[in-house]
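In order of appearance the chains are A, B and C, and numbering begins at 1 in each one.
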Amino acid sequence: MTQLEARAISKRYGTQRVLDHLDLALNGGEVTCLLGPNGAGKTTLLRVLSGLQRSQAGELLLDGARLDFHQPDARRQFGLVMHQPFLYEHLTGPENLRFYARLYQAELPEAQLRQLLTRVGLGKTRPVPVRSYSRGMKQRLTIARALLHNPRILLLDEPYTGLDQQGCQLLNLLIGEEQANGRVILATTHELNHARQIASLFAVLTRGKIAALIPNVGLSLDDIQLRYQQITQPESVAAA
Amino acid sequence: MKNWLKTALTLVWKDLVQEWRSRDMLTAMLSFAVLTLFIFNYAMELNPASRSEAAAGIIWVVIVFAGTLGLNRSFTAEQDQGCFDALVMAVPELSVIYVAKLITNLLVMLFLTVLVIPIYSLLYNQSLFMPMLWLVLLLGAWGYSATGTLIAGMTVQTRMRDLLLPILLFPLLMPVNMAVVKAAGAVLAGSALSGYASWVNLLLVYDIIMTVLSILVFEYVIQE
Amino acid sequence: MSSKNKLLTPLTLLSVVILLAAFAMVIFYAPVELTMGLVQKVFYFHMSAAWVGMLAFLVAAVAGGLYLGRQDLKYDRVSASSVEIGLVFTAIANFTGMIWAKPIWNTWWTWDPRLTTMTIMAFTYIAYLLLRRGMDDPSRRARFGAIYALVGFASVPLTFFSSRLLRTIHPTIFGGSSADMAMTGQMYQTMAVSLVAFTLLFAVLLWHRSRLAAGQAHLAELQAAQDEALFGGDSDE
């Protein structure tokens, strides 16, 4: 079973300590939802986990062994959906996917390409440049892009952004499928409503550390929100 | 190794297709180049003899300035759409991104040169179809692209972006400027190769040193 | 915060003493040159300043390389300080060069290889400082500074050889066929002391400037910690 572990990760931006001796273990077959106030460092954590940014201290372990990002295959284990779409505006949707497949040296025969597009709800789109896609379509294509090389680890930063109701449901379906495949999945989001349906557990990031891990067992939306408030703003809850 | 090459070519293909479909950059560069040639005409009302001597210098200056437009643009897609990150995650080695951009920029420069030279010939009634001239310009374009790609990779990530590129790049390009103008001038004047061979050698040395150095440091440009 | 290294003050004093000695030697000890007259004495400072300019660039490049390898901001501070100081010395070299050139060759500026290379180097320094000014993130600023210092330094010999291929009217000092300036033993000695004085001055200035930069960084840290304590945890995104 795949396991990605962060141990004592510290990251500073100039004088600001964004991640402070952070520990987090992510297991295959689990969906971890990362919650935290704006600016808490959720995006930074994802960037450090995927090797896009170096931490100043601490280490990352994949299946117990130290993760060395100088190895060519290290980063390819990851599938990323971030704030920016990673799409080339003048290429069509299929061209974007074929391009990335070639970079990843992943086999992507036409049939598989079609199937991937259908999975994200873009099966019926005409091959036009991505420039003319709507925000929702771009988001769907970005998700397809993240999956095409069958990564073991999925890191998703606000993946519901730009998606309509149908899109969100489709995404949840996809996440469920990947979870069944044993993938490690970490998603940051503010959409507790949608997250609740797929999360195995909630991790709350505040003041540079994972302050709490809350298993998603029999929790209502209000429960989650209350717990979240308690952890991130203890003063305001105590006063209430 | 084969992997690496395939990846580089894929990246080059992507850049060329992107540029061909938008045609923004190429059109802008070409317009800029032709307009600059016109300005030179009024700035330097020389008799034909002096002008033919200055031809090498004028052409190279035009290419250098128009080239900055191309360099600035070569990374904007990656920067604005966040594709730097995507490429970093996908490629086997970071230096391949640099080499691919180098090739793309070089091709763009050559494209520019191929258009500028006949236009110059037309405007100033001077024939410039000499193979050695092309060799010199090719070596010059290589050096320009090698250093330019590295610098553009950095400046695109700063606040000042386009403004900063010429300031950072031009001091580093001086050897190329001197060598290209002198060697091209010698070719146009009809000198034998021995007359300007040392310039060609210098260009080659510059190109190799800068390319190798850039390959070594490029990972620090795009990775934090 | 490390306290002042005990060596720094005596070293500073020593550097001042040797500098004064060099001045004295130039004015009183070194003979007046045959063809160029009194103005030639500027040469000692011109050469020393030019030497320090080159040295500063080398130090900046090496420190930059060390930063890339070790990711310790201390190297970045040394690199940036070296560039600043190098720029000042290069300006001095250019300026004294012009003072020297005017009476002798009747021109303020000569497109001579060494002068040209020094000037282009000065522009590279300025570009370096502008690059740093346009960046707020300290680690990225350090990274890009290091890269530019390395690449800039690599281009200097290339620029020099190009300019030399171009033309030369700079007098060849140490032997050579066209000995425009005959150097006697006393002149060599003065030259040597001058070089030592300037090099030591550079080292001392570099040390002081790096300490200042370290202090500024430390102050910023303390201020940030105070802000965090007063206004609470997470930043604004």
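Couple of notes before you dig in:
Assume a contact is a pair of C-beta atoms (placed from the backbone, for glycine too) under 8 Å apart; a residue touches a chain by one contact, two chains touch by 3 or more.
If you're wondering where the values come from, they're calculated on a predicted model, not measured in any experiment.
Across the two candidate interfaces, A-C and B-C, the one carrying more C-beta contacts is B-C. Nearest to the global CA centroid, when each chain is reduced to the mean of its CA atoms, is chain B. One simple way to say how far apart two chains are is to compare their mean CA positions; for chain A and chain B this gives 39 Å.
Note on chain placement: the centre of chain A and the centre of chain C lie 49 Å apart, centres being C-alpha means. With each centre defined as the average position of its C-alpha atoms, the distance from chain B to chain C rounds to 31 Å.
Shared interface positions of chain A, defined as residues touching 2 or more other chains, are 54.
For chain B, the set of residues touching two or more other chains reads 224.
Residue positions of chain C with contacts to 2 or more other chains are 136, 139. The touching residues of chain B, counted against chain C in their complex, run 147, 150-151, 154-155, 157-160, 164, 167-168, 170-172, 174-175, 178-179, 182, 198-199, 202, 205-206, 209-210, 213-214, 217, 220-221, 224.
The part of chain C that touches chain A in the complex is made up of residues 71, 136-139, 220-221, 223-225, 228, 233-237. Interface residues of chain A facing chain C in the complex, by the touch rule stated above, are 13-16, 18, 36-41, 54, 56, 206-207.
Against chain B, in their complex, chain C makes its touches with residues 68, 120-121, 123-124, 126-127, 130-131, 134-136, 139-140, 143-144, 146-148, 150-152, 154-155, 158-159, 161-163, 165-166. Of all residues in chain A, those touching chain B in their complex are 50-54, 72, 75-76, 78, 80, 82-91, 95, 99-100, 102-105, 129, 145, 149.
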